[in-house]
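Two complexes, one shared chain (subunit A), two partners (subunit B, subunit C).
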Partner chain A sequence: MGTSGDEENGVAGLGRPGGTGQVAGGWGNGDLGSSDDRAQFSALLEDSVEDLYEHAPCGYLSTLLDGRIAKVNTTLLDWLGYERDDLLGRRHFSDLLTVGGRLYHETHFAPLLGMQGEVSGIALELKAADGSRLPVLVTSTVRTGRDGRPLLIRTTLFDARDRRAYETELLRARKEAERERERLQRLAATLQKTLLPPTLANVPGLDVSAYYHIASVDEVGGDFYDLFPLAEGTWGLFLGDVCGKGAAAAAVTSLTRYTLRAAAVYNPDPDAVLRNLNTVLNHEYNGADPRFCTVIFGLLTPDPDRGGFHITLASGGHPPALLMRADGTTDYLPTPGGQLIGVLADAHIATTAVRLAPGDTLLLHTDGLTEAHVNAVDGVDRYGDDALLDFARTLAPTTASATVDAIRDLLDTFGSGVDDDTAVLAIHVPRPPSEELQ
Partner chain B sequence: MLAHGFGCDQNMWRLVVPALERDFTVVLFDHVGAGNSDLSAWSPDRYSTLDGYVEDVLELCRELALGPVTFVGHSVSAMMGVVAAVREPEAFAGLVLLAPSPRFVDDPETGYRGGFDAEDIDELLGSLDANYLGWSGAMAPVIMGNPERPELGEELTNSFCRTDPDIARVFARVTFLSDNREDLALVKVPTLVAQCASDAIAPREVGEFVHARIPGSRLVTLDATGHCPQLAAPEETTAAITSFVEALA
Partner chain C sequence: MTQRLTLRTRTAPAGAVIELAGDLDHHSAPEVRAALPGLDLRPGQQLVLDLGDVTFCDSSGITVLIAARNHALTAGAGIALAAVPDPVSRIFRICGLDQVFPVHPTALAAETAWRPTAG
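Take a look at the complex of A and B:
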């Protein structure tokens, strides 16, 4: 105690005339010009040195290295409602803290102070004699002797009630913003779900699988697909990508989906289906905000003689389908020249027809997959059509679900490189069980 | 093997490591979620009980294959050592439990006094929330603005005692809501209980409780104030660890 008291008497040293004279001198050129004024002013400061410490607008506290309180100013005593003798030599700084503050002090504050010699601006709460709480901002420095050994700890405490109220408000606003974001994400996810079929139609003799990869949880993407029954023994399927994201794109997606479904009932010829869609989108969005999409539409009919299915595909500017044959040969089914749907009044639609034999698998995808960023090789940083073709060749012959699973895993390896939504739809004609056994 | 407790990281050991290194191979690590650990390895599932941490310690022992180690666990890590040694006693030559507490909350039913009532713990978890802003913002300039101590490199200054608030909250729950009293009697490896003379977090009767429950354990009371004897009384802490390990040999 004695030693620390002596050390702390250094505070009084601030009051030496030389120090105060300088301050007075700095101001002395104007109003304090007369010697009377100067003497008065000086006397005022001289008197106030002890007072400056005792009644400073912040709490002062000096503690021994073990935390025992060696010196405390009146401001802090008044805040806490303690007598000086209650604290000096009897209590530790951490005794003045709430339990939470005490734990924080022990586990963070004290170790940091020991390591750095200074810790500042830490929010803690004091517990007053009457049990009330006072939020403060605490700064501590370690005072060392000439030999560099730590002697004691000096601490200032600032009343932080206003700041704490402000922080509490900030915290509340931050939590609210986090909740809102979660709500938005839930909403986007729900909206996304309503734009996709809950289940795909069951087509006898066909194995079907689809996957939708969401690139951003904050926004609704513009990819879509469906597979649905048409007139007896025929099925329609489509997969596409509306330009843009968010609510506006979702509205176009919705219009596109229902138009495709209705157009296919009206005239199931794939070329006609896409023409009708083109007309609808072109009429709807012909103003300053053009909206368009790429889409591939297929009409499936079973082949009663040889087994398997016939499929006629029509494409409006969409990446071509991939055909993986039962014998392992794999290639794109080109549909060149098809134009974006919705831009021109009379878009050109490209069609192709193919028979899916038992063991064959057809894959439709959106360009989120091939446009995914991958590690740059030879200056190319997109995954690309060729890489997808090579990948498909390693899969063939395969099934619908195995294809979709493999692409899902592939997308996972891209991680955040997939910056656009991706939809994939695979159909596969299983081999008859007799062949399967061989 | 030195395991730091709640708050801060392996730098807690910096005052005892130089002396210990003269006689022993010292293994230091940051718990997942603390210091310079890979934060992406942290998950609330694995680390919302002591088990995740215990598994980490055991994995560390297996991976390093140093043979039976002396595990020095501070605060909550002392109980990680206890659980780990109960689970795989062959991995440990001895345990040093530094300022241990098997349960911080009082248990009126059994008359156990951990030093805190349930209200206190609620207040602690509340204060972690209050420091949410402080931890993520205000602490950083404080830690980095340290021109007199250039040896505290950027890497260190950014990490020491600075924990992701969400992780800190989960770790605080694990630390202050765990109850490992039952595990103490199952410890079969030589154990030293080293408590502080005046510790606001783990009072002396808690250290005595741990000593009484662990069969054959030794108890030393370090002349240190606070919960961190490795900082407050590094020489004495080192001496206690050294003489314990030498007696094992």
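Take a look at the complex of A and C:
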């Protein structure tokens, strides 16, 4: 800052609005037509030193090293509503500050000034005679005598009311944006909830557990699952993944869920259910913005003779289910040849049937789990189907809730490596109490 | 972790070829989709997607491959995939796309195998 001399101060003060030379030249040539005007203009320029000090567009203040006010300009007096005699020799610079400002001055401003000889652009608040506050930007320089000893402190103060208003506005806009984001996240969470069943149907003789891992709080994912009663003694279940994210994917997810439930009531044959879904999605979405899903649909029927359940699974291009037997044998239940749903007019649906005996657990999952980023091993940085199979083998024999808990823990260890939503649904046939004792 | 996608298109006698390298996912799929309308593809030709350097393909990647297929079919052209890496061909098998896209070991093999259809 130009605090080394009064003339420099004056020039800096005039120059601030936009270039001294240009402005003076423009007025001199254009508007100052009469000789009288020109004379007044020259006079203002010539004896400007005192005037510029007193009526500069900023406040000037000179204080002794202990802060006592030795000189002050009219601009600052006007801002604060003081008479010159109120301040000179009577008040310290810190007396003009608010309590918070005084504290900051004492702990930061003054020590820094002592060390560096200059402090610039510090935001402080002045307290006017009437108690009102005035935000200012303060710059101070220590002036020394010929022998280098510090003699006094020169301080320039800029009115920062506009700047404060601007900052307040910025802060308000940021708070508003944060509120908007929270609203959006609440909306996404609510929408997500409507795409998942509030509770899974209670199937007598079956232990059921499910979990939905949300990868992003800002975007609705496209994974879905459900388990619900059909005709007497049978249940339908499904789990799938609609491609994409966000509102458009959520619309497809919603359509898919309701179509699956309605189609299952109409004809519970799993192959027919997925065929119906394929027709609906294929009619709805094609061309440049294709929408599809991969899904497994299962029809559960209790086995009245031997206990447990029969399940027929139909797969439309979905990762295969994992079967963990009561004896610990664990493998994928392949449904090869099934095609994703919604893209092809006559998608092939693959089906398989299996009996779930007491002690068996079946796990359905979406690929958010197997496509999670993990620490690279041999250049492969995705978790993968083989790793999941190995993991399931360590769990078996197990239960539905133990399986889902283990997968939740597994997803937690991946942390931010899970960049897509993940849904898991496990069903387990508990052993009869008599068997558990053995 | 994530490999940025790069996309190159060229024109072969049999039709347009798109060469992809890197991760074909939620973030990069729109870029491929945007390249489709600008392709020089005439009826009877074949669009080849060379996936030789694709490191990852998720459901968004599959979506854009299907969009490419729809685009080619609308133009009266065919579509083929070339040099499909193992992890990608595994995903294709799971979702049954191996039965939808003709697959060739290289882009050149895809072009050689192409027999222009009448029209």
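Points worth noting:
The rule we apply is simple: the second predicted complex is superposed on the first by the 307 of 438 C-alpha atoms of A that agree within 3 Å, B and C clash if a C-alpha of one lies under 4 Å from a C-alpha of the other, contacts with A are read in each partner's own complex, and residues count from 1 in each chain.
Note that contacts are C-beta pairs under 8 Å (C-beta built on N, C-alpha and C of every residue); 3 or more make two chains touch, one makes a residue touch a chain.
Values in this document were obtained by computation on a predicted structure and should not be read as measured data.
When the shared chain is aligned, subunit B comes close enough to touch A:Ser120, but subunit C does not.
Legend: residue contacts after superposition of the two complexes on their common chain; A:Pro198 is shown touching neither subunit B nor subunit C. Residue contacts after overlaying the shared chain place A:Phe292 against subunit C, while subunit B stays out of touching range.
Look at A:His92: by the touch rule set out above, it reaches subunit B but stays clear of subunit C. Note: no residue of subunit A belongs to the subunit B contact set and to the subunit C contact set alike, using the contact criterion stated above.
Contacts from subunit B toward subunit A in the complex involve residues 5-8, 11-12, 14, 75, 116, 120-121, 123-134, 138-139, 142-143, 146, 148-149, 152, 160-161, 176, 198, 200-201, 225-228, 231-232. Within the complex, the subunit A residues that touch subunit B are 65-67, 92, 94-95, 98-104, 106-108, 110-112, 114-123, 125, 135, 164, 167-168, 170-171.
Note for the complex: subunit C touches subunit A at residues 1-2, 26, 33, 36, 56, 58-60, 62-63, 66-67, 70-71, 74, 87, 90, 93-97, 99-100. Interface residues of subunit A facing subunit C in the complex, by the touch rule stated above, are 241, 243-245, 286-292, 294, 316-320, 336-340, 343-344, 347-348, 350, 367, 371, 373, 376, 381-382, 385, 419-420.
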